[in-house]
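Each of the next two complexes has chain A plus one other chain: chain B in the first, chain C in the second.
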Partner chain A sequence: MHCVVTGGNVKVLAKAIHSLSRIGDELYVEPQEDGLALRSVNSSRSAYACFLFAPLFFSRYSVPNRNNFRCKMAIKSVQAVFRSLASLEKTVEKCHIELDEQKNRLTFTLHCKHGLLKTHNLSFQDSESLQAVFDKDSCSNVFRAQPRLLVDTVMHFPPSLEEVTVSVSDERMWVRNHVEEEAEQSKAMLTELCLASDEFDHFAIQAHSSVTFCLKELRGLLVFAESTGLPVSIYFDEPGSPVVLSVTDSVLEGNFVLATLTDDPGLRKNSSRRGHTQPPPPPDDFMNDDMDSYLIAMDTSIVPGPSTAGPPTPPLAGSTCSKRPVATNHRTRIHSEEEEEGEEEGDSEKAEDSDRPPNKKFRSLFFGSVLPPSSQMNTQPVVSQEVLASDSEDDSQDE
Partner chain B sequence: MKFRGKIVDVACLNHFSRVVTTISKLTKMCVLRLTPDNLFFVLSGKVGNGGVSMWCELSQANFFDEYQMEGVSSEDNEICLEVTPENISRALKTVQNAKAVKVKLTKKHCPCLTVIAELPTLSSINRVVTHDVPVDVIPQRLWHEFKEPDMPDFDVSIYLPPLKTMKNVVDRMKNLSNFLVIEANLNGEMNLKIETDLVSVTTHFKDLGNPPWGDDASQDAGPSQSRDPDTMAEARVDIRRLQQFLMGQQVTPSRAMCNIVHQRVLHLILLHEDVSLQYFIPAVA
Partner chain C sequence: MPLSTQSQGDDEQYVLVACSDNARNLSNILKAISFKDHAIFTATPNGLRVTVEDSKCLQANAFIQADIFQEFTIREDSVTFQINLTVLLDCLNIFGGSALPGISTVLRMCYKGYGYPLTLFLEEGGVVTVCKINTQEPEEPVDFEFCSTNVTNKVILQSEGLKEAFSELDLTSEVLQITMSPSQPYFRLSTFGNSGNAHYDYSKDSDMMELFQCTKTQTNRYKMSLLKPSTKALALSCKVSVRTDNRGFLSLQYLVRNDDGQICFVEYYCCPDEDVEEE
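Presenting the complex of A and B:
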């Protein structure tokens, strides 16, 4: 692999790496025919980010001879290459990224002004491809906004805040901070921001829904979006299915996939008792049999699916059926400015949803080692959903 | 109990938020008293907060374009709330460029002081941000704890040097000692001293001037009038409290002075147009 990045694009690349560093500790590098993919995932596998830089982004781009080369490395060491963003723009004229196959090193060479040459040799580990399974085009709610709007929105929330809830109606979007427990709620300051649809470049609602996700990763993407001035698109469906944030222009695409909270405190209580027991990996048709996918699969089985059919799998959630009453009088803060209204609506909806396995935290995302990326991406969601739902069924038998 | 206030003027909003920020630097929790004419931020000297007490008085008319309140009863037309000034400060800071800010007492999941701001946008509909700051309503039987503190029967009253200068001195001294002796006389002289086993440091200020407390402090006139102008009155205080007071200053006061009750209390007063802030630091042995 040999890529050359010149001029302002060096900064774009550096910003992308910085925003990926908000997600996870490792950077997955995969030179593909259609461009260089940089990816990262957080330790709980509830957030995933990917930047794809098209060959045109580079002034020179060649993929390695050895096909499907992939590697991962500590993101901190890559960040160190682009440490000072401010001076980067002024001093660096071009950046070479080369793979030294003999020494197993990935070499970043920065050509600076006055003939200064900075070379970083980074060691790496082989890895499988990291790919979250998501389909943003099927999402019912789609928005696009200038980064400034989102930056101004996020600004109202304290840096310590972990999660925000986004609710939408036909003409408005509400963003509020998410407070976990009732007890905390009486102490915590609640902030709510209401945005009108015409502040967005694009505002398409099919379902009035409300999702809760981590603010940290959104902030990470905004760092990138703001510096490049690219509009941010937001795609989401219902609580529990991931929200996708993306930036696109002709030579690059960035997608951040964030798990959302199932806003279901009745059930949540239930799962907290279970603690962090790792559910066993789902059956083999789920994923390929490599290390990464195994880890991912472990997490994935927390993910409840809507379907109840499927082969029985080991315990997770006894709660789902028996706890139905709990679920019906829980607090929901769903799509409404009038809380009372929201509660009623939420309840009636949730009665059905209570069939889902309990969930303390975010539903993890579906990941796979996608060797044949396109085909698997399409089939996977279906498979995994079945598997997951069966988890919960089995659980009830267990208790 | 009802309360609703509206600030439209940017300068007022800015000023109000600086006052609240100053308070938030001094204390985590305090009491906000609302009366038809004034707002008071009160901290009563309890052991828990190191015995310091605070009294900050704002005249509502100087901040609010609209101000409506209805107290507990017509005789006691007041509202007394326990608040976290930092939260209010944060809420106000994020809405500095608002077209209008409303502050309301609301009943949500708990009693809240709700800050609602209309933010300017390019679209026809305003962007609205709402901050619900939880508060505790203080029952009437506890109100007596939050009355204005009496003017202490001070021995010496003196104008303070520029607070920034004083802050620089105190910051350095804090590295050397946990306690600081502040002493002053009626001759316009003030010293800041620390004494440890290893080192003694004193910073001298002179020609500061002594405020005339004629009529207002008539009952105090006795001791301070007959006092030898060169005799120092001193108070040994926790240096962190003094530093906190000097550090948190967001309001540039037009007048800053302090009263010392010999070996009892240090009483700091800042006056700025419509705002007055009093801060009491107990002396330690």
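Presenting the complex of A and C:
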């Protein structure tokens, strides 16, 4: 793999990496025939982001000889390559990204002004493909707005705010902070903004609905959208099914898929209680956080079929999920199942039979695995691949 | 100005009197070497030298020439004392250290001699503060025996070029490796961190490079923790001279221009961390 990025595109690439860093701690790099895919997912797997840079984005683009090469690395270390974001445009003339398969290094070389050459040799781990399954085109509600509008909207919410609720009617969109049911009413503050449809470039409503999702990731995408000036499209359905934020131009596409809260508080409470009272579930990093409702939401969201006419959200989506016929290709990973050492989840799962994927309670269809390279940016639900969200990697290739 | 019009008689009891109409000129340059509390002040008729050391492996010197001060009177050949630099800096900035033009703190620094405190008279906007800082028994600074005749390699760079590199240094790397060579890669800074290694290469033809005198390829490692404080000096400076001698000792000299356009120097000496096989 050898990519060359020049001029202003270096900054675009850097901004994309920075906005991915708002999502997760690891950057998944996958050079494909149709472009370089950079992805990230958060630890609770309720948010996923992918940028695909088309070959035309680069002044040179070649994929590695080894087929299906994929790797992941600490996103921090890639961020460090592009640390001086502000001066990047002025200082960096050219950026080479090269894969050294012998040494298992991904080399970023920045050719800067004044003849300064910065070389970063980053170690990486092999990984399986990270792929969210979502179908933004079937979403009933679609909006497109200039980044400025959304930046100005989001600005009114405190940085500490975790979730916002977006509600739509035929002519308006309301954005307000999400107040927990349990929150003390006297201390809660509600901020609400109303945006008229004519503020948007595109405003298409089929279903009056209201979804709640995390603000942090939206902010991450806005950083990118604002610097590139690309309009942001928002796709969503009903509560519980993911919201997709997307930016596109001729040489790149970015999609942020965020889980939304289900609006049935009974379900939420129920599901979180289940996490504690049920017979001991297998060690699972998903169990330790309170994002259960997000995950369930995600599972149900990918029931095939147009979501507007789709089956009603089952009251206990998690159990529905496990009853679903298990697809045949559990073992679609091409790399060894060994868990990476040192990570908390690795430690707990090492005790498990490492030959078999741990029996995760929430079989997230959200992240399919090892799709054919051409099916990148997949927008079709892949039901046949019921694969766990776990991302084991090959640890055997040491540096 | 009450400070400058004080009678000459008062001054006779002091062995050292230094006055400046802008305390920032002194505090700024002291900030460039403030990585440890204890600083050794050595005053001679030429000016003031302030030395700070760490672990006997790193030494920083700030040279403040006599003409940086509006008045610099010394009654002995040499006056030496040790003082808490952090406290001194706090005192010098007691009025907030504002960088606004037209507002400056007038400083009068007096020292009576061995055993006496260092007395600072600071005035801003008609308010006078008198600070007395106890002095300490001066330690003998380490002599790094860095001699210009033993210098193997030397480059002078515009600080602008190095600032970026130092601000981006991978601090997970224990060492900063400096390679200087008459051939490729000429001048290279390398780090070896958790996520991989990074090299910053400066071409000898770069317009940042003001002087390039390398006779022999030398690769030396220096403890990152020791070199990190030099970033403060780098940030203030406009040019930096990087030299290594035949033992691999590093000398970093920074040319610092103060608010009034006067020039001061800050110098860092650092021992190499370990011997690296020379190619």
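The working rule: the second predicted complex is superposed on the first by the 276 of 399 C-alpha atoms of A that agree within 3 Å, B and C clash if a C-alpha of one lies under 4 Å from a C-alpha of the other, contacts with A are read in each partner's own complex, and residues count from 1 in each chain.
Just so we're on the same page, contacts are C-beta pairs under 8 Å (C-beta built on N, C-alpha and C of every residue); 3 or more make two chains touch, one makes a residue touch a chain.
A quick note: this is a predicted structure, and the numbers were derived from the prediction, not measured.
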item	value
When chain B and chain C are modelled together on chain A, clash or fit	fit
Partner chain in contact with A:190 - chain B first, chain C second, else both or neither	first
Which of chain B and chain C A:207 touches, first, second, both or neither	neither
A:158 touches, of chain B and chain C: first, second, both or neither?	first
First (chain B), second (chain C), both or neither touched by A:56	neither
Partner chain(s) touched by A:123 [first = chain B, second = chain C, both, neither]	second
First, second, both or neither for A:80, with chain B first and chain C second	second
Minimum C-alpha spacing, chains overlaid - chain B and chain C, in Å	5
Residue numbers on chain B that touch chain A, as the complex places them	84, 87, 90-91, 94, 108-110, 112, 119, 121-134
Touching residues on chain A, where the partner in the complex is chain C	73-74, 76-77, 80, 83-84, 87, 91, 105, 112, 114-123
For the chain A and chain B complex, residues of the former touching the latter	152, 155-156, 158, 185-196, 198-199, 339
Chain A-touching residues of chain C, taken from the complex the two chains share	161, 164-165, 167-168, 170, 193-203, 205-208
